[in-house]
Each structure stands twice: as C-alpha cells, then as structure tokens.
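In the two assemblies presented below, chain A is common to both, partnered first by chain B and then by chain C.
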Partner chain A sequence: MNTAEVVVNMPPANAMEAGQFIQLDNVFKAYNNELVVMDGMNLDMRADDRLVIIGPSGSGKSSLLRVLMGLEGIQGGDINFHGQPYIKSENNDSKVVSDELHSRVGMVFQHYTLFPHLTVMGNLILAPMKVHGKDKQSCIAKGRELLARLGLEDKVDYYPSQLSGGQKQRVAIARALMLEPELMLFDEVTSALDPEMVTEVQNVMMQLAEQKMAMIIVTHDMHFAREIATRVVFCAGGKIVEQGTPDEVFGNPKEARTREFLDKVLHLN
Partner chain B sequence: MEIDFSIIWPYMPVLMQGLWVTVAITLGCAIAGSLLGFVVSLGRMVNNVLVSGALKLYVEFFRGTPLLIQLFWIFFCFPVVLGISIPPYVSVIISLTLYMGAITSETFRGSLKSIEQEQHDACTALGLKHSTKVIYIIFPQALLRAIPPLLSNIVSLFKESALISSVGIADLMFIGQNISNSTAHPVEFLTTVAIIYFVVAFPLTRLVGYVESRMLTRYAI
Partner chain C sequence: MDYQFDFHFLTGKADMLLEGLWVTLQLTLYANAMGVVLGFVLCLMAMSKFRMLRWPCQLFIEFFRCTPVLLQIVWFFYCIPILFQVYIDPITMGVLALGLNLTAFNAEAYRAGIQSVPKAHFDACVALGLKSWQQTLYVVLPQSLRTAMPVLLTNGISLMQQSALVAIVAVSDLMYMGKSIAVDAYRPLETYSLIALIYFLMALPISHLVNVFERRQDAAMQR
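And then the complex of A and B:
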C-alpha cells in the first residue's frame, strides 16, 4: 500500500488549548428515559488530541461519537465546539446547532456505510459537490489524489461490492476526508474486518495521526489504542471512569473498574 | 373428436392481434400503475393521517378484492354512479392501472423502508440535506431494489390481464376463446393461447432472476 501522507485540515492554533476544541459539559443521554448511556459526561478535548475511548459494551462509547456527529440527541448538558454551542438540549430534545460546525466533523462507521449504487468516485464527490457546492472536476481531481494516497487509485470506477472490507473502509475514510474535517470520529472501524485487513486501515489512521489530525477513536484493539492515542478515556455505565495518557491508563490504572476491564481484555488479546 | 393443431395456422394473425392488445394494455397499465404506485408509496409515508389513511384504504381495497370484481365494478357500476359512459378500453385501463398501482405501491414502500439506517446515518455524517439524501441516495437504491419485484408484478399483470376478456376487450384470451367456440376446437386453440402466454411470460420470469442476481453482484443491494 502507498504510504504517502494524507493531507489533513488543521484546526486553528488557539484550538490547541483545552476547552477551545470539543467540550462536553455534564452530558446526559438515555434511550426511552430508561437506558442511560451517557450519565453526566464531562470531557475536554484539545485539537491535537487523539482520544481513544475504551470500555465494555453499553458503556456509552459509540453513543458519544453518534452524539458528536449529530446522529443522536442528548437530554441534558451542553457540547461546545470551538467555544461555540454545538449541540444543546432543549425540552428533552436536542439538535446540532450549527451546520457550519457540523461540517467540520467527519465520521467513519464500523460497517463502511458506502453508498452501494455509486462508484468509489461517486461516493467521494457527492458530499463536496452537494454540501460545499464545489465543481465536479475539482472534486474528481481531489478524489483521485486522495485515493492515490490511500493506495486505491485503480479502484476509482469500482462499486463498493467489488472491494474488500479493508478497501471499503479506506474508501469510507477518504470520503470523510473529502470534506476536510477538523475532527475525525472512528467507530470500531476495524471490528468488522478480517485480521489481515485490519492493518491496512490502521496504517491509514496512523498516517492521519502523524499529521496531528484530531481524532476520537472507539476501539477494542488495545494495542492499537496504545499506539495511536495521546489520551485514553475509559468509559463504563455511561460515565468516564478514568482518563490519562496511554502509559497511565494501560500501565498504571487508578480505578479498580479500569483494571478489571483491562485484565479481561488484555488477557483475551 | 380428432385433435388437429394444423387448424390454428390460418388464425395465427388474429391471435397475434389479440396478443398485441394484451401486451399493449399490460405495458401501458404497468407503466402508469408503477408511477401511481410510486406516488402512493410516498404519500403513505407522509405524516398526514388523512392522506396516508385514504391511500392505505385504496391499497388495501384493491389488494383485498378480486381483479374480476374491480373490472366489473368499474365497467358496469362506475358509469352508473358517475352518470358518464366510459369506453370499455378506458374502463379496463383504469381498472388495471389502479390494481397495479396498489400492488406496486407496496413494492416501492417495502424497498424504501428496506434502506438501512446506516445509509441515513452516513448521509447525516456527510452533511447531506434531506432532499439531497432522498434524491441521490434513498430513491436510487429503493428503485434498484424494487426492479425485480416490479418485473414480477408486470408478469402477473400480463397473465391476469386475461380477465379483461370478460368485459369484451378483444385481447388474446378473448380472441382465442371466440375462435375455439366458433370452430369447436377448444383443445387446439386454448392450448395455443396458453402456449403464447407462456412464451411471453417465461423469458420475463427468467429476466427477473437474471436482473436480481446481476444487481446482487454489482451493487450488493
């Protein structure tokens, strides 16, 4: 695979300070007023952070990403992006306040979610053309450049069904990058892949990390988490139980719940 | 009685005329019915209880009653109720179109609903507006998914169109039945009519399978 660098959009320098990039303030979310998945979550993310969120199933990891992407609402608390209201809860409901801020976040899902009736290039150029109003030729040129950097230059006219899982996931990453996001969300993007395809996707993510792309990654792969993270966040029961550098969380976890989880997961790995 | 299939040859041009009427009415009603069905499927998904309720009633009525009754009702009762005369051809076209519309609306509704939530999520994640999502992502996939069942619906309509002979339309069935009565050779003519229906319908049913497998390979949808 071509390992040339993927060019990423960098946030402004002032966003490197805590509180200026993404800030969660006492965020509460429950399904049907019963199943609490985010129970007063507080989080400060800097623009040069690569947060890896770990935790057992149902701990609120994916919910956090889906809320940040505007796919789901919250019932309490506030989320600020660049110091401005991003998602705000009102009357037990919520929505993304600003389309402009929303378009600065990109997301890659576990199951690729490519559009099956469009070619690889069709998948890449639709949003830049329709959302940012860019002309087709410049989008195609950018798409080709991005695909070449991800080692997919010969797949331009392929349909998603003609690609391997790893290739699909790289196309999904390229599709998100076409919008030049400042923050990328990765929701268990290697969980559905065969083991030999996991590395090719993780390599692309490492390229992004080397370019200081802000990322929030939900993963069960602890080795990859340790490798890519600047900060590891452990969630359980809808709460952030512990957070710190990879060395702190993996090497010397403070909380019993974290130790218990890591013992199980690392033993399994 | 002696069975002699050579008797059918002089009547073949007339039978072909009947086939032409059958095919023309089937195709016309299939196209009009599919368009109607598409609109109805969208109408049933709107949040207006009155609109969706009325359309549901229409769909359930036409799916829940025999086509023959629908043909008779529109042919005999419609003119009485409305106080206007409707030519037989128009009457059967209305019947078959309404019938096809009800059937295909369910096909379209099913395919629209079958688009996975992940596709909607991906559109939101990319910031696509609702109209862009519907036009570029949801409709194309739903239409592709609807093609195989739609072709099956058309094959069914082609066969069921034989019922229009009962209101005097000179289709393949009507002509075959008349010739068999007048020549007293029902075996030869009714068998020939059945074979003609089969020769047209069988490739279409094969086409359904082909389209389905090709779409599965290409688009995996």
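And then the complex of A and C:
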C-alpha cells in the first residue's frame, strides 16, 4: 500500500488556486451578542497552505477553528469550501450546511478527547464504521497502518488511561485521519503536554506537512510555527492584523501590534 | 430459650418455596431490565433542553422518590384495573410497579454518569461526524453506565428486597409462599428465618460485585 494514500487525502488540483479551498467572507461572530471574536474576517486558504494562527489569549483563535469544525455558529458572512457553501449565517446563527463538506475536515483538541471506554483501535474505527458504514476489517487494517506510521503499533489494544499524554494526542490525530480529511485543524494540541512529549506530537504533524496535508494550526510555540507554516496569520480583536510567510511575519513584521505581540512571546520563550 | 427448632414440616414444601423463589427472581430480573433501560431514557428526557419534556419527567422521578413503595404497589394493583378497565396478571403488574419505581431511581443514578462525560468529548463527537443519537448510544451511554454501575446494582438489590411487598397484594412470590407455609404449620420462626437466608444469599454476591466495581473505579480515578 502506498503510504501517502493512507494518510493524506489530496484535494483536486484546482483547490491549489485561490478561492478554491477554504474561503471566509466577511465572517462575524460574537458570543452572547456582545463579545465579538470575528469581526468581518476574510481569509483565503489554498489546499497547499499550512496556516498557523497566532495571537494574544482570547483573540478568538480557538473560536475560528471551532467555527470551521461546525462546533460554533456564525452571525454574519459565509464560509465556502471547494467553492461551495459550507457554513452560512442565514438563520442568524447557523452552523454547517453541508455534511459532506463537514466530513472532509478533521480536528484535534487541546484537551484529551479519546473515549475512555474504548481501546485505541475502538476509538479509531468508531466513526468510520458508524458514520460512514465502512466494514470492520478494512477499518482495522487501516487503523493498524496509521498507528504504525505514528509509532503506536504496540498500543492497539490499550485503553486511553494506559497511554501517556503524547501518545493520547497522537492517537487523537490518527483517529481524525481515519476519516481521510482534506483539512486538519489543530488547536494547541501540545499545550497540555509535558515538555518531553511535545516533540513526538510535533513530529507527527511535521510528517503530515511533508505529505502536503492542508492544516490550520493554533499554537503558542513560535519555533514550531515558523518550522511548519507556509503562512502565518496574526489575529487580534476579531480581525486578521497581519499575514505572510513565516519569514515575513517573524523576521520583519509590518504592524506595530504584531511586533509588540512577538516581542512579548519571544521574550517569554 | 427452650424453643425446639423443627424443620421437618418443610418436607414437601420445597416446591412451594421454589415456585415463590422463581416469582421473586422474575420480578427482580424483569423490573431491573426495565429500570436499567428506561432509567437511561428517562434521565435523558429529564435533562432535555425542552421544558415540555423535562418537567413531566422530573415530576415522574420525584413522584416515585417521594411516595412509599408499598403505596405505589397497592395503588397499581387496585387503581389500574379501575382506571383502564383491564386485567393484568399479578406478576406483570408487580413488574410494572416495581420497574417504574426503579426507573425513577436509576434515572437519578445515570444523571451523575451523564454529567461526568467531559464536554470536550461532545466536541470530538461532532468533529467525527457522529449524529446526536450516535453520541448518546456509543459515547454517553457506555461512559455513564460505567459510572452509574455501583448505584444501579445497589438499586437492583434493594428492589429485590422491596419485591417482597407484592406479597401484600397476593402475588405468590417467595415472601408470600413463606407466609403461607408459616401460617399453615405454625412455624414462623423457622420459615421466616429460612426465607431471610434465601434473600440474603441471593443479594450477597451482588453486594460484593458492587464493592468490586467501586474499588475498580477508585483505581481508575488514580490513574
């Protein structure tokens, strides 16, 4: 089996062009009608992009990912995926309009979300079998292949409580990859981990990057951001303040707010 | 004490006792099956965000928790036939009365279990594309069943004890049979002691199982 085929589901070639992958058009989102976290946000992501979102705490980075995963509604604007309506704000607060497009997006969270009553394999095959009706044998075969690639082949029958934090997050990544997403969302997936486990998870993400997986990553690790990103997006106050290649944003930020933020976080590191 | 124990009168009564035991077991098993399944459903409804669904269910739970079981049983046996003009055989009636009572108590047991499912798990379910009924069936139910298990088992054993109350309305369970034998032979001490021993021996293993579950859960918490 070709390994690239197992992990990365390549979107059609034209998705490499602007406006053909993920497109946010004037998106507005507020919590409880007052706390604005997306204020007319525009964003155009191509299928060969790896966006890293940075910004101060509370600037709405998680909210952006949660909206894209259909976990939160928006109150204004539209989001298209492959040029088709993906998320609309018609009913003043709506989520995903296309289940089919929704199934092409996967997400890994900051907190551990493996289901404790299922083994590693049980976690991996639940959604492919129950949601997509795949047969058990092929799911298990695929699960083994994926776990082997992520260095977890000996953990197949373990329960989540028997895994380290880093192993849990790698299994969570494998679980999302089982559904062959075209876009992966990572929300601070290493920030709950002990330092020595951060690298093993980041390595897996780098491995996906090498296979040209489209990703949106929220992280406070600027070193990792610089390494993995094709484009860095700095958000503050519900808006994209600045974006560019890692060299542009980290090496020569144009906006004062970006400089200020980077000064602060780089000093902390 | 110069009482002479004599168990000879019991010869020939074994059939009656076994019959009664079988009825008690049926009452216990069926009512538990009902309580374990419907308790979960009732709990979900009582936690619903729709008031019109939530309120009646909460009232149902409170009703069964706040009235005597004996009264519930008596009410069922005398009032259901009058209200609905139906004849239901006594064992089914007993299962219904005891089962609904257990449903209410088990609903409370499940609630803690459902609330213990981390919010992030629901996000993960949505991300994986699980529909809300699939989340309930594959993620919420197994997790809350595990958390609720010690209480469900404890409720299950107390239901077996309470099932003895149906003897009052002439359901021929273990208690009822024991009473008949005791009265016939004028041997209450031997008979009731024996009956108590039988209940005790049936409940003891389950009670131990509860301890095992609780110990296992404590261990899981420490991991």
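Just so it is clear, the second predicted complex is superposed on the first by the 263 of 269 C-alpha atoms of A that agree within 3 Å, B and C clash if a C-alpha of one lies under 4 Å from a C-alpha of the other, contacts with A are read in each partner's own complex, and residues count from 1 in each chain.
Basically, a residue touches a chain if its C-beta (ideal position, glycine included) is under 8 Å from a C-beta of that chain, and two chains touch if they have at least 3 such contacts.
Model, not experiment: these values are computed from the prediction.
Student: For the overlay on chain A, clash or fit between chain B and chain C?
Tutor: Here chain B and chain C cannot both sit on chain A without a clash.
Student: Quick one: is A:192 in contact with chain B, with chain C, with both, or with neither? Answer first, second, both or neither.
Tutor: Neither chain B nor chain C is touched by A:192.
Student: Could you tell me if A:148 is touching chain B, chain C, both of them or neither one (first, second, both, neither)?
Tutor: A:148 contacts neither chain B nor chain C.
Student: Does any part of chain A touch chain B in one structure and chain C in the other, and if so which residues?
Tutor: 66, 69-71, 99, 102-103, 106-107, 109, 111, 113, 115-117, 126-127, 130-131, 161, 175-176, 179
Student: Contact residues on chain C for chain A in the complex?
Tutor: Residue positions touching the partner: 118, 120-121, 123-124, 126-131, 134, 138-139, 142-143, 146, 220, 223.
Student: Taking the complex as given, what residues does chain B use to touch chain A?
Tutor: Residue positions touching the partner: 118-119, 121-122, 124-129, 132, 136-137, 140-141, 144, 217-221.
Student: Spell out the residues on chain A that touch chain C in their complex, using ranges where they run on.
Tutor: That would be residues 66, 69-71, 99, 102-103, 105-107, 109, 111-113, 115-118, 126-127, 130-132, 161-162, 172, 175-176, 179 of chain A.
Student: Hey, which residues of chain A end up touching chain B in the complex?
Tutor: Of all residues in chain A, those touching chain B are 66, 69-71, 99, 102-103, 106-107, 109, 111, 113-117, 126-127, 130-131, 159-161, 175-176, 179.
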